[in-house]
Amino acid sequence: MPDANGHTASEIMTIAAARRLRNGSVCFVGIGLPSAAANLARLTHAPEVVLIYESGPIGAKPSVLPLSIGDGELSETADAVVPIPEMFSYWLQAGRIDVGFLGAAQIDRFANINSTVIGDYRKPRTRLPGAGGAPEIAAFSKEVLIVLRHDKRAFVENLDFVTSPGYFDGGGTRERMGLPGKGPTAVITDLGILKPDAATKELTLASLHPGVSVQQVVEATGWPLKIAPKVETTAAPTAAELATLRDLNARTARAHAGQA
Amino acid sequence: MPWLATVLSLAEAVREYVRDGATLALEGFTHLIPFAAGHEIARQGRRDLTLIRMTPDVIYDQLIGAGCARKIVFSWAGNPGVGSLHRLRDAVENGWPGPLELEEHAHAGMAAAYAAGAASLPFGLLRGYIGSDLPKYNPRIKFVECPFTGEPLAAVPAIRPDVAIIHAQRADRRGNVMMWGVVGVQKEAVLAAQRSIVTVEEIVDQLDAPPNAPANAMVLPGWAVTAVCEVKGGAFPSYAQGYYARNNAFYKRWDAISRERGSFQAWLHRHVLATKDFEGFRKSLESAANA
Amino acid sequence: MPWLATVLSLAEAVREYVRDGATLALEGFTHLIPFAAGHEIARQGRRDLTLIRMTPDVIYDQLIGAGCARKIVFSWAGNPGVGSLHRLRDAVENGWPGPLELEEHAHAGMAAAYAAGAASLPFGLLRGYIGSDLPKYNPRIKFVECPFTGEPLAAVPAIRPDVAIIHAQRADRRGNVMMWGVVGVQKEAVLAAQRSIVTVEEIVDQLDAPPNAPANAMVLPGWAVTAVCEVKGGAFPSYAQGYYARNNAFYKRWDAISRERGSFQAWLHRHVLATKDFEGFRKSLESAANA
Amino acid sequence: MPDANGHTASEIMTIAAARRLRNGSVCFVGIGLPSAAANLARLTHAPEVVLIYESGPIGAKPSVLPLSIGDGELSETADAVVPIPEMFSYWLQAGRIDVGFLGAAQIDRFANINSTVIGDYRKPRTRLPGAGGAPEIAAFSKEVLIVLRHDKRAFVENLDFVTSPGYFDGGGTRERMGLPGKGPTAVITDLGILKPDAATKELTLASLHPGVSVQQVVEATGWPLKIAPKVETTAAPTAAELATLRDLNARTARAHAGQA
């Protein structure tokens, strides 16, 4: 439901994420919001973005969003389709990905993320799907974007489980651990955008979405959130962005309906 | 001709090759998931299975809920694009219908482990798992040192299932199997296993790569496959590129079917256990939908 | 569009990307050998090259005889089905036209080293070299221990050429490259290299897998390739499946051409160095045959 | 040129080798005589033999013999064609080959072979092509057949270089070295067939081709050759074997002729 600003929380997250993809960049795309953002970028300012889905398609150009990571639409529209062992070795591990997109259930101040369990690993309160491709996307993409909803259950002081590394305990640790990619460059939420501090790598509020206050973000964060000296305001979605995204979502909903 | 794959019915193949306590890999990455074979395993009441699969989605949710599984080896366990696997969660969180042991990896590690199995290497080598807690909980993830550079690299033991089961688009009468589109780790699973069962959409006289298919077809020679079974639609609700699309609506509906033990059991009994084969299952589903 | 392969002439590509002293891999396993590119390297007089290739057949014999090579890295050096490579032997046995350093492997090791290069692993892992004297003479073959079983396994350092050069059947105008048939280690060579040059039979509007081709086509995306050059017939006397057959008669004739230094030099000067490009080379050969 | 027995040395070698291939066996075939023998088997008693060429074709059914290991005829007639790294890892190393066929420049009494150099490795008298796939064919095929001409330059007391292992220094050494395949089960020459002794693994004269004497073989061998208690005589080529082989060779010669 669009709020007073004329867009939903999902829409502003998707649009803010899409804007960060440069035309021609090679993007490793997860299902859900990352896939929506990457395809929105492709349908707006970045027609030459190369979308790679971990199931094998390289250069997918789906007309509707896939429900699964390997829908037929992806391989039918791809430039190439490769086996899984090749995808993870020759493409991801080899450092050919410019931007890796990740979601998470929990994130900490150094952008380490948990998508494995809530509670104790051996006696979990909630068992989540687990790592999938995330640890290696986080390690080997030249840059990582993280997208998730902003609340205190997600933005926590301590992760229950580290599924994928961000900046470890901050500073130069990530580099010392030998990870080639530069790590998460932005965490895009429904409230704003956090970016790592250049030196400490602690996530810092860098941009507020239209109509959101600093106080709201601070209250939705489970640690004392650092605020950038100059917090920007995310440009409101343009009519074209909103229309393209809503078209895409409508086409997708029609395509995934039907009898089970 | 013992050197060629035997063409037989899926029920016979499961009876012959899938034993209680076996280690199985049912592979198919979103595409070509061997649902018919999974159902037949449940129907024949196999127990204590170790079930390997990168993405134990709805197919393993069904087998876990049906009480077939003792352990799963996996790297991502969800209903893609929909949410949780409720039967798997119930087993992990509450031990229902029995305890379920987990051996958990990341995709990169599973892929390397399958490739190592196919190549008869004792372990798969990768850059991976750095900064993840997974190695703390899975002692089967280790690290080795590069003899040239001294770098640490992750090592995972090769996957060597007793039986691999996959679904493919086509086979010829000699058991040569052809697939295309998202081919996942299916070839690796078959080559890593002691035995393999391949269900196919159709058995044809002559294998040709179809026009308009992604240019990535592969053929598994019949002598490298144990059994081939023709099961039309055998990947439903997954898909078979060139034959039928993914039934995304079923995946969404699975969330409601599987959420409660009772509704799951009713579904399983009515549509899987009480039907004779996959065709029976499909008809049973249809008649329920039309009722 | 900097993220796509540049389509340019072979002469420009070699001028731009192949430097004296560079490490090159010209791959193509019997099929799709990039002869036109090899000739262009000789024509432009490149020197001190390290030439990597599993089977340095006639193409490297020519480059060695032409004085371009300082070192070769290889696993089988012969004229397939014909006999010795006389220019290579002359370099190894007599140091003509200059000394030639050898780094020698077996095919399995080279294949693993290319795959490691493509995957950005520091080394390739294999069961291999047991009982062979090769590790005694090549210090780059080492052994590591499996962290699970304790078994010794061979390790070879990843191949990471400065430039990989291959020939393929087709590319589209965006530099997406398609090949099929015997595909060898061409994909691995390109992905292992810092830069790559791909010569193709033709540049087409739309890449489709051809009918009647072996069902094993693969596509290298244009953004993973540096330069694409249209060179019709550019694999001669090797072949391009779907375009032309291997000229086995030329391979046999090479034995006589290359046996003596004088006859080799006359051939090289007349047909390669004195011609402008590969088309000129082919015409020069033809006119000599008809004379 | 056929000799007094009506066949050439090449022909009897090829035919004797072909006979050892069982129908349905999976055979890793080198170029030249092995390829001729394997295809002769396929065209006579073993129509279901699976021929694998290291260049990638699996189940090749060429109508003429390839000159190179990767002629188009091989991939056009194959059931599957795989990349080289896959061939050497998933197929050869994985132990899927029943019979590996090797040639050699030199062989010793324990069927270790040299195809690398004559003379010193660093200052060779004759530089040979080298290993190719041989060390791993020798290691991982369930059984190895070696085919070469019988003379003292080839059958030597000491190899100048061990390219590929046979039985090392004999007895149980091969097994102790961890090689899975059982090693060379026959060495087929133009004079006869040698087989390893069951215990010592020393090559022993087991069969003489028609018209060949024990003395001839002993004189052509560079070590004191062991003779089996009962030496058999190789069955003379049948008319069908000879006709099929000569047809194949004639077709092949026609196919490889033409303008260079």
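Per-chain numbering from 1; labels A, B, C and D assigned in written order.
As a convention for this text, contacts are C-beta pairs under 8 Å (C-beta built on N, C-alpha and C of every residue); 3 or more make two chains touch, one makes a residue touch a chain.
Every value quoted in this text rests on a predicted model; they were computed, and no experiment measured them.
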{"item": "Common touching chains of chain C and chain A", "value": "B"}
{"item": "Pair joined by the larger number of C-beta contacts - A-B, B-D", "value": "A-B"}
{"item": "Mean-CA-position distance for chain D and chain B (Å)", "value": "41"}
{"item": "Inter-centroid spacing, chain D versus chain C (mean Cα positions, whole Å)", "value": "28"}
{"item": "Set of chain D residues in contact with two or more other chains", "value": "80, 89, 93"}
{"item": "Residue numbers of chain B (touch at least two other chains)", "value": "115, 120-121, 126-127, 151, 187-188, 215-216, 218-219"}
{"item": "Pairwise touch network: line, ring, star, complete, or other", "value": "other"}
{"item": "Touching pairs among all chains present in the structure", "value": "A-B, A-C, B-C, B-D, C-D"}
{"item": "In the complex with chain D, residue positions of chain B that touch it", "value": "1-4, 115, 118-121, 176, 187-188, 191, 218-224"}
{"item": "Touching residues on chain D, where the partner in the complex is chain C", "value": "31-32, 54-57, 66-72, 74-76, 78, 80-85, 87-89, 92-93, 112, 116, 121-122, 124-136, 138-140, 161-165, 168, 174, 177-179, 255-260"}
{"item": "Chain B - residues contacting chain C, complex", "value": "120-123, 125-127, 140, 142-149, 151, 153, 155, 157, 178, 180, 207-209, 211, 213, 215-219"}
{"item": "Complex contacts: residues of chain D adjacent to chain B", "value": "24-26, 48, 50, 58-59, 79-80, 89-90, 93-96"}
{"item": "In the complex, chain B residues that touch chain A", "value": "29-31, 54-55, 74-78, 80-82, 84-85, 88-89, 92-93, 104-108, 111-112, 114-115, 126-134, 137, 151-152, 181-185, 187-188, 214-216, 237, 239, 241, 245-253, 289"}
